[in-house]
Amino acid sequence: MDRTSIKKWFKAPDKMGHKYSLWAVYFCTGCGIIEVPPVITSRWDAERFGVIPVATPRQANLFLITGYVSLKTLKAIIRTYELMPDPKYTVGFGSCPINGGMYWDSYNTIKHLDKYIPVDGWISGCMPRPEAIFIAVTHLWTMIDKGMATGYIKYREKYRYYRQNQEKLFGKLEWPPLYPMEDKNG
Amino acid sequence: MKEKSEVKKGSVLKPFKAIKYLFEKPGTLRYPFEQKEPSPRYRGFHLNDWDKCTGCGNCADICPNQAITMVEIPEIKPKTGEKNERPKIDYGRCCFCGLCVDICPPGSLRLSRDYLHIHFDPGTFTLLAKDEKTDKEHFLPEEKYSIFQASLAHRKTDNEGFVSDLKYSLFEPERVPMPEVPPEKRVLSFMEQVLGYSREEAKKEALRCLECKLCEDACPAHLKISEYIKAIYEDKPDESLRKIFEDNPIPAICGRICMAHCEKACSLGKRGEPVAIRWLKRYASDMVEDYKKALGVKPAKSTGKKVAVIGAGPGGLSVAYFLRLKGHEITVFDSLPGGGGMMRIGPPLYRLPIESIDKDVNYIASLGVKFKFNTTVGKDILFEDIYKNYDAIYLGIGTTVSRSTRVKNSDKAYPALLFLKENKIGKGVKVGREVIVIGGGNVAMDVAREALRLQHIQYPGEKVVTKTVSLEDWDIMPATKEEIEDAKAEGVQFNPGWGPKEIKVEDGKVKGLLCMKVKSVFDEQGRFNPTFYEDKEMFLEGDMVIEAIGQAPDFSFIPKELFDKLEFTPRRKVKVDENGKTSLPKVFAGGDIVNLNLDAVTAIADAKRAAEGIDLYLKGKLK
Amino acid sequence: MSQERELELYFGPQHLGMVGNFSITLKVEGDKILEASANPGWLHRGFEKLMEYRTWIQNFPMVCRINVVEPDSMEMVYAMAVEKLAGIEVPERANYIRTIVLELARLVSHLFGCWAYANMLGFDTVAQWAMYHRDLILDLFEELTGARVYHIYIWPGGVRRDLPEGFKDKVLNTLHTIGSCIPDYDSAFFNNRLFYERAKNIGKITREEAKRLGATGQILRATGVKYDIRKIEPYAVYDRVDFEVPTREDGDAYSRIWIVRDEMIQSVHIIMQCFEKMPRGEVYNKVPNPFKWRIPEGETYVRVESSRGELGLYLVSNGEDKPYRVHFRTPSYPHGLVILEKLLKNASIADVGNIMISLYVTAPEIDR
Amino acid sequence: MDESLKKELETTFRNVLVSLPEDDRMVVAASEETVLSILSFLKNKGYDHLELISCVDWIEEKKFELVYILTSYSEKEMRKHIILKTKISREKSEFKTAISVFENAEPYERELHELFGINFKGHPKLTHLFLERDYKIPPFRKDFDTREYVKEVFDKIPFVEDKK
């Protein structure tokens, strides 16, 4: 993006590599997805920021949770998230994943997304505007630079608790744990 | 459309026309280098003008997502009728619908055009909305602002978006007009000026209430206003009256002459007209023919304790009512031939007819309260005897002696109370053709308007004048705006800012009033201490002068040895404790001799407090 | 033998061929689909239940969120039902503004549909154009209502604010920009031979079958039935503007998308007429105080023509300050759950996305 | 036309209450047994478009009210909504499926089965539609308090703490 960052390229080539190529997994989880097509097409053109939607989670390292998350979708989100290779970043869109939003009293949507998977950034708004998505991406860059976007590490380390929360909601999950369930620290 | 059914297969080459777009200006907005301003109506984060906000909490009530909580701000010193609470918005809930903006009665809550807040911590998504006026650190000026800095913590100044508009607000800013007799007609007789709401009008007016309950805090007696208004809206006047009677047993009187502190607090009054709370109370009492049947309240079992109430004014009546419900034996003494006290003689007939007073008094009497009218304590019955024979005494004597200006020849002037009393329940007064009323308070307005009516009745068709002289200028005139407007409409002339110097008398007849210009009314400490320009004089012609500059209480009935024990505050009010008890044993007091508000509803509030105190005292729980 | 070759395949929700959070379970043999069963509910929020907990006014920010692609017709249908039950009159000017908003929303929705379909068929250039033009109309919405997507603009008793100054010119300018691109759209997409090859005879449905399965909107009109609620039960000012209902006979994906194109042109005509005929005056009759507003007992069913078909609302009030029962009849509901299953039978896997998007199914509408 | 249809309905079926509250609505209240035959009768009369099957939970009466809303596809002068209603027992909550008359009744009935717990006999596919899990009380019934449920289920799940 800017020439001044060439130094950084040499320092931490891996970071720069994934920082400027945040590929988003193609998953329309909620109503916020309506602002994603404008963002990835010609008017706003997210490719300038290195954000492109990709077909499978295996290729992606950015997960946009676009809006409210119903129970059924949460299961799919967890599976998709676990399929994504490290390093991976999650961004919560709009009010709903933060504190329930409009659906704070719905029996079928979860209220706090970060109880089930780690989230690296939140965007306010209902809908967030395309501009907000871009600023979120730049914020994510900064966080990657500073080593603050550590959601995936947290997921690995605290996997036991995440899995517990998930199972509190769904009962026994059909797939085996991604990481060992024992607490490393005892 | 013509080729509707036939299907064109189309060419393969034609699409290459699109190549021309290669040479056109790209449609891409090169954000963030190229920015797009949000529209002028954009619904972004909240702004709240803390100076205008009343803390009514309507925004929190209307929010479909319960995103708004009212947070108490200790630094804010609320004015009367306001709360020191301000809305706090949770952007983990907010859906930016703007309902809170459309319901905000003072119009302080608005939405800005800021919308960027991106953070890794979901705890940062709450905002105590505040305006740039009061909050300098969070609003960056244009040159300091950048989109990368934009967040809930740093926003742009003067970036107002979706704002409240009275035309599209969710509340109705205008009152249902009260049917009134027009001024040119009402000066000719003593018929009641305000006609009262019809059922539809009352319901429509009751519908306006937003139930924010600011009025209930402002009312001295803390009536459950929102509840009784809701009952009126639901077409249940009985229920409404029951709610009123919990705190105020004289709704027919209060519904007409109350000073309506509640309406001054009403949040709708900030940009529109307040809910007509007083008229709705009046409607509730007028709609119910028989209080007893509607309320169905019976006094508790008799306790055998006897309480004497001196003065059958609003306070006395209320004490009698509340204590009677608790089962005590109540006797009310009053020198007038009927109940109501000052209400009976003060407010002219066009404001408060005798029937309305009697409606309330008769109901209280029907509960078993004994009334001894035409009984002047100290003359017909001695205070010592009462003091001996009763278990507790309530002094609700009010202020019954008109103050005099004490200028030269002031003995030729008519005292206001006498004037009012004679007209309302006495023989009537012969007024002059040119009447001068000294005073700028509500009593002065009553006197002036009444004098004007009498002039019209006594000198039909002739040219008559009533003028008032008051020390206070327009802005500090103590009378309510309503009264002043009504008086003006009827033709009363005003001379604000003049003080009386001398009443000119020739051959024993009043010729007029010599006035001098007022320099200031209050001194530096805010106490009443008028000063004058002695040389600036004005002469008002007139053949009758009425003094309406205030009243004082009359304690002459209390024997000296008891009176000496009665303690007073520095402002010459009877000192009472939190139970309404005076320094005299078993004597309680309330009303105008205690408080500074000098109105009926404060007297009721005092009475309620004293009634609780007397009840505790009689049960032996109070020493 | 055959049993062994059968395979159950999950199509979506995380799948490139899927627009929206929706899923289909396919039973396939080779690449032939033996049976398809729609699996909705990924976006179920229980709207109708939540609305029973909110007052009449509080429901307004709620209803538009049922269908994110075209929120305005949702607002309209709810406003109409409330107005009908409560007996509220709408000022004439507001009716015109509503029509303009609804038609702009139809354009937005159709352009979104064009984007999705063009993308699906590999016409990326056209998809970019459609999205770009849609964004221009969203800018108009932002100007008018203060938000790009969720407008919360059509209220009982009228609309929330009057048109801003110069709005008419802005709309006409934008429409002109889009209109001048129609020949390009035609040559690159609608009249493109490749489009014909890729869409013709895909997802074909007969008239009788469409009727039997409760189809509305483009699906029904593509089979030659002139069924448009704007004509049958005119609401707003549709009885005072002149427009045609485009129909086609073949009932396949190709006809459906052509109808979308023709409808967009009709929408532009309607908007132009509305601006011409629009009177001056009030745009909002105040509704009663929201904290006390009660609507008399009763029930009603109202419907509007959304961009996908018949959008209905069954609303029951029991005289309280909240609705007693709300039930939306969304057009995608029969389309996505019945017709889709029917059309996918015996189709090939390659056509699944093609058929689904040509049916114009939006998932949030089904799930609610 | 309306009047004659009204008369015909009233004479053909027992226990049918027909009212015409508005110009373009007809409300038919029928008893449980006759609903399906009325549906096919109306379909033969030209009301061939089943718009919606809905259900209202009248909890105080202990009844579910099933609502069928019909209209016509034809271009003739008969585009009137017919709202056909019937009340069924809330405890038993069982009814016959209307798929035999209207094929598109299937998803509507499936929805009502899931959200209200009404068992449609003869329905081929009464499985989960929207929901991921079973609720003790079907969520759209009036005695299911969603706010209570949220408190009970979602609010009790703890946050994953940041500290190690």
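By written order: A, B, C and D. Residues from 1 in each chain.
In this section, a contact is a pair of C-beta atoms (placed from the backbone, for glycine too) under 8 Å apart; a residue touches a chain by one contact, two chains touch by 3 or more.
For clarity, every value in this text was computed on a predicted model and none was experimentally measured.
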Set of chains whose contacts include both chain D and chain B: A, C
Selected pair, greater C-beta contact count between A-C and B-C: B-C
Chain B and chain C, separation of their C-alpha mean positions in angstrom: 53
Computed distance of Cα centres, chain C from chain A, in Å: 30
Length of the line joining the C-alpha centres of chain A and chain D, rounded to whole Å: 40
Averaged-CA centre spacing for the pair chain D and chain C, given as whole angstrom: 24
Sites on chain C at which at least two other chains make contact: 41, 44, 46, 49-50, 53, 61-62, 65, 132, 147, 150, 367
For chain B, residues contacting two or more additional chains: 27, 38, 64, 95-96
For chain A, residues that touch 2 or more chains besides their own: 42-44, 70, 72, 102, 104-108, 112, 114, 126, 129
Chain pairs in mutual contact under the definition given at the outset: A-B, A-C, A-D, B-C, C-D
Of chain B, residues touching chain A in the complex: 26-32, 35-36, 38, 45, 64-67, 90-96, 115-120, 122, 125, 147-148, 150, 152
Residues on chain C engaged by chain D in the complex (per definition of touch): 37, 40-41, 44, 46, 48-50, 53, 211-214, 220, 225-227, 232-233, 299-301, 303, 310, 312, 314, 316, 324-325, 327, 329, 333-334, 337-338, 367
Parts of chain A lying in touch with chain B, wherever the complex brings them together: 42-45, 48, 92, 95, 98-102, 104, 112, 114, 119-126, 128-132, 134-136, 138-139, 143, 148-149
Complex interface listing, chain C residues touching chain A: 13-16, 18-21, 41-46, 49-50, 53, 61-62, 65, 68-69, 112, 115, 127-129, 131-132, 134-135, 138, 147-150, 363-364, 367
In the complex, chain D residues that touch chain C: 24-25, 48-52, 54-57, 67, 69, 73, 75, 79, 81, 83, 102-104, 106-108, 125, 128-132, 139-140, 144, 146-147
